[in-house]
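Chains: A, B, C, D, E and F, in written order; residue numbering restarts at 1 for each.
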Amino acid sequence: MLITRKVEFSASHICRSPQFSDEENTRIFGLAANPHGHGHNYVVEVSLVGDPDPVTGMVLDLKELKEILTREIVEPYDHRFLNYEVPPFDRVIPTTENIARDIWQRLDPRLTGERHKLHSVRVWETPDLYVDYFGEPLCSA
Amino acid sequence: MLITRKVEFSASHICRSPQFSDEENTRIFGLAANPHGHGHNYVVEVSLVGDPDPVTGMVLDLKELKEILTREIVEPYDHRFLNYEVPPFDRVIPTTENIARDIWQRLDPRLTGERHKLHSVRVWETPDLYVDYFGEPLCSA
Amino acid sequence: MLITRKVEFSASHICRSPQFSDEENTRIFGLAANPHGHGHNYVVEVSLVGDPDPVTGMVLDLKELKEILTREIVEPYDHRFLNYEVPPFDRVIPTTENIARDIWQRLDPRLTGERHKLHSVRVWETPDLYVDYFGEPLCSA
Amino acid sequence: MLITRKVEFSASHICRSPQFSDEENTRIFGLAANPHGHGHNYVVEVSLVGDPDPVTGMVLDLKELKEILTREIVEPYDHRFLNYEVPPFDRVIPTTENIARDIWQRLDPRLTGERHKLHSVRVWETPDLYVDYFGEPLCSA
Amino acid sequence: MLITRKVEFSASHICRSPQFSDEENTRIFGLAANPHGHGHNYVVEVSLVGDPDPVTGMVLDLKELKEILTREIVEPYDHRFLNYEVPPFDRVIPTTENIARDIWQRLDPRLTGERHKLHSVRVWETPDLYVDYFGEPLCSA
Amino acid sequence: MLITRKVEFSASHICRSPQFSDEENTRIFGLAANPHGHGHNYVVEVSLVGDPDPVTGMVLDLKELKEILTREIVEPYDHRFLNYEVPPFDRVIPTTENIARDIWQRLDPRLTGERHKLHSVRVWETPDLYVDYFGEPLCSA
């Protein structure tokens, strides 16, 4: 069984790399390469897999889940410029893919319990684009 | 291939157990432990896995699916106080997890056909919280 | 200029009057007359009319607005059974119409400032039904 | 990791087969058998599985993805009567199931890259009904 | 006070006039001039203005409202090709503007009661485009 | 009759004034005063009032409307940092209120036709907060 909770944050980002020229950055990242940055209302869906407790009927304490998501995601990310204020985005490009992985890494150690563990992180950058990350090791890492 | 249909119902519930003291119920269930109850507009997504009929191009008769969902879910659940009017919630706490399992058990025998069977039940308690159940046996059952 | 903020609460209600017989209550209120009650995820949109401050560019302090909506609406209404726990619904039937008027009466004295005042209250009972109230005196009151 | 992008198109269709009588078509397809046709705002979610490039942090070029989806889906399908203007629906009934398979077949050869490939196609016919297709071979084909 | 209820229907239409050449039709109506037609999931919001009954707390009987909307809008419009099956669209171009006016004319005589009357009709053609009609006389009529 | 079209853009902004100290900026603007900035997916609804042409049934050419909204709003605002790249936000604080007024001023001269004129601009900063501007002269201007 999966249980999923949504949270939201508003943030700015720039998608460009110092390894590339201006032309290359624009070719690769398009408008998102604008060095001034731009922003989004990000929506995050965090899914846990678990087995409900036979007495309470709950996979985990939802009040505690909400506190963890607020402390680990909303507080560090909300109303921030990711490249300047939220590591590792001082050195990692804050694409939606990398944001999903960073959120996984922040949550995974906090969301492993007796009856449940983190299953996936979905990050919506806009209502038309989202990424799902399942914590898989990356070939390229 | 999966085919998914949404239905909705409005219901009340209380999340508390007679096994626990008032303090324990509040610690475990938070505001949902209020003994007067509270309510939600629940949204249910029922997914079937199947293979479309080569002539009709349909996994199953959608009119019949709608009738089954209306008869097995909407009619018993809609405009009801789950704890008082919808078994097994007289003895099982109507958490979203348990509602998803009950809906699975109501639908599974009605939704097994030649070319399809029930794949999963998603229940949204609010627009920010949902559960997916795949009919797996429960360790604790 | 109008500025509108949404808040949500989950609550139970019963729509029936002791003035009517069971048959009359069902005829008038339909399934909502169920004496056990049922519930909804209510969404409230509160609109203020005002003129932005020429220096700050804001009609009012949005942090303060959020605190008022939380204190005056969400805290008293959320996770409650309206008929039993939220006056005046011990004696007034909690239809969407009456909920919108009660929210207006709770907010109007708190939301009158130098540059703004309450303009309207929209209450969604379900995604398919909503009421707008503009504070007009009621012919029948 | 999955990355998903939505596109939309508006189209007409008729669900009926010349193999069946009028009565059979209505029994099988219901109102959708109306020989004049009717229409929908279809929403398509295309998901790719891949591994982000270690330098750019992207699974694939999103600008290029958008161009492919526009050229391969939106342009041929949007503002069209599927049965009359969009092969194979001159001979295949344009059920949601068959539309999902056709979109898969149009996209699969265009969306296979070094680091990614097509994972699934979700087609929403209405906000209450959708199909997911994963490219599996069909028993009946 | 306003009370608003949503209904939906799926239909096909063609926006072109026999008074114009093919070129003019395309210039005026764009892709919507396609003579085969295309379709939408239309959403209609019907708003009534009224004063709640002091005893029931309701502006009008919502069950009756739903029946009227089903009989007067959904049944004639749903799963239809408007130009061929739904007068006056055999002679009036079924633009969103004209659909809103036709819905007003169908509903206005049915929705005038002691305590309420029709206030406005909103028609969404897509999630990005809608029309509001208030029953005003048209200058050009 | 009103006709409304939505467009979207993603942008960054900072809400703070050089007239105020750091403490005052935080007290007035809260998290939005962060000098690095943050961002949103803004949604804009532009409403025109008009009378449909008796022959075409349209208030105005929707293709032309879309081009104007793209040229006047999306192109200058999308993927931009408003304070640094979009006048007048180099000297005017980009609150939602001021964004709505700037959009009105950009559109009003382009959207006055024989049969229609601009009626209102709604700007959503998040799904929970929006402003409506009707072009009224401002007391404080």
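Quick notes on this one:
In this section, a contact is a pair of C-beta atoms (placed from the backbone, for glycine too) under 8 Å apart; a residue touches a chain by one contact, two chains touch by 3 or more.
Because the structure is predicted, anything quoted here is derived from the model rather than measured.
Contact with chain B and chain C alike is made by no chain in this entry. Under the contact definition stated at the top, the chains bordering both chain B and chain E are C, D.
For chain B, the chain whose average C-alpha position is most distant is F.
Comparing the contact residues of chain C and chain E by number shows a mostly separate set, under half of all numbers used being common to the two copies. Seen from the Cα centre of chain E, the chain whose own Cα centre is farthest off is A. For the pair chain A and chain E, the distance between mean C-alpha positions equals 42 Å. Chain C and chain F have Cα centroids lying 29 Å from one another. Across the assembly, chain C contributes 127 as residues in contact with two or more other chains.
If you check each pair of chains against the touch rule, the ones that pass are A-B, A-D, A-F, B-C, B-D, C-E, C-F, D-E, E-F.
Those residues of chain E that touch chain C in the complex are listed here as 1-7, 47, 51-59, 61-63.
Those residues of chain C whose C-beta lies close enough to touch chain E in the complex are 15, 17, 19, 28-30, 92-98, 100-101, 127-134, 136, 138-141. Considering their complex, residues 8, 10-13, 31-32, 34, 36-41, 78-81, 84-85, 126-127 of chain C touch chain B.
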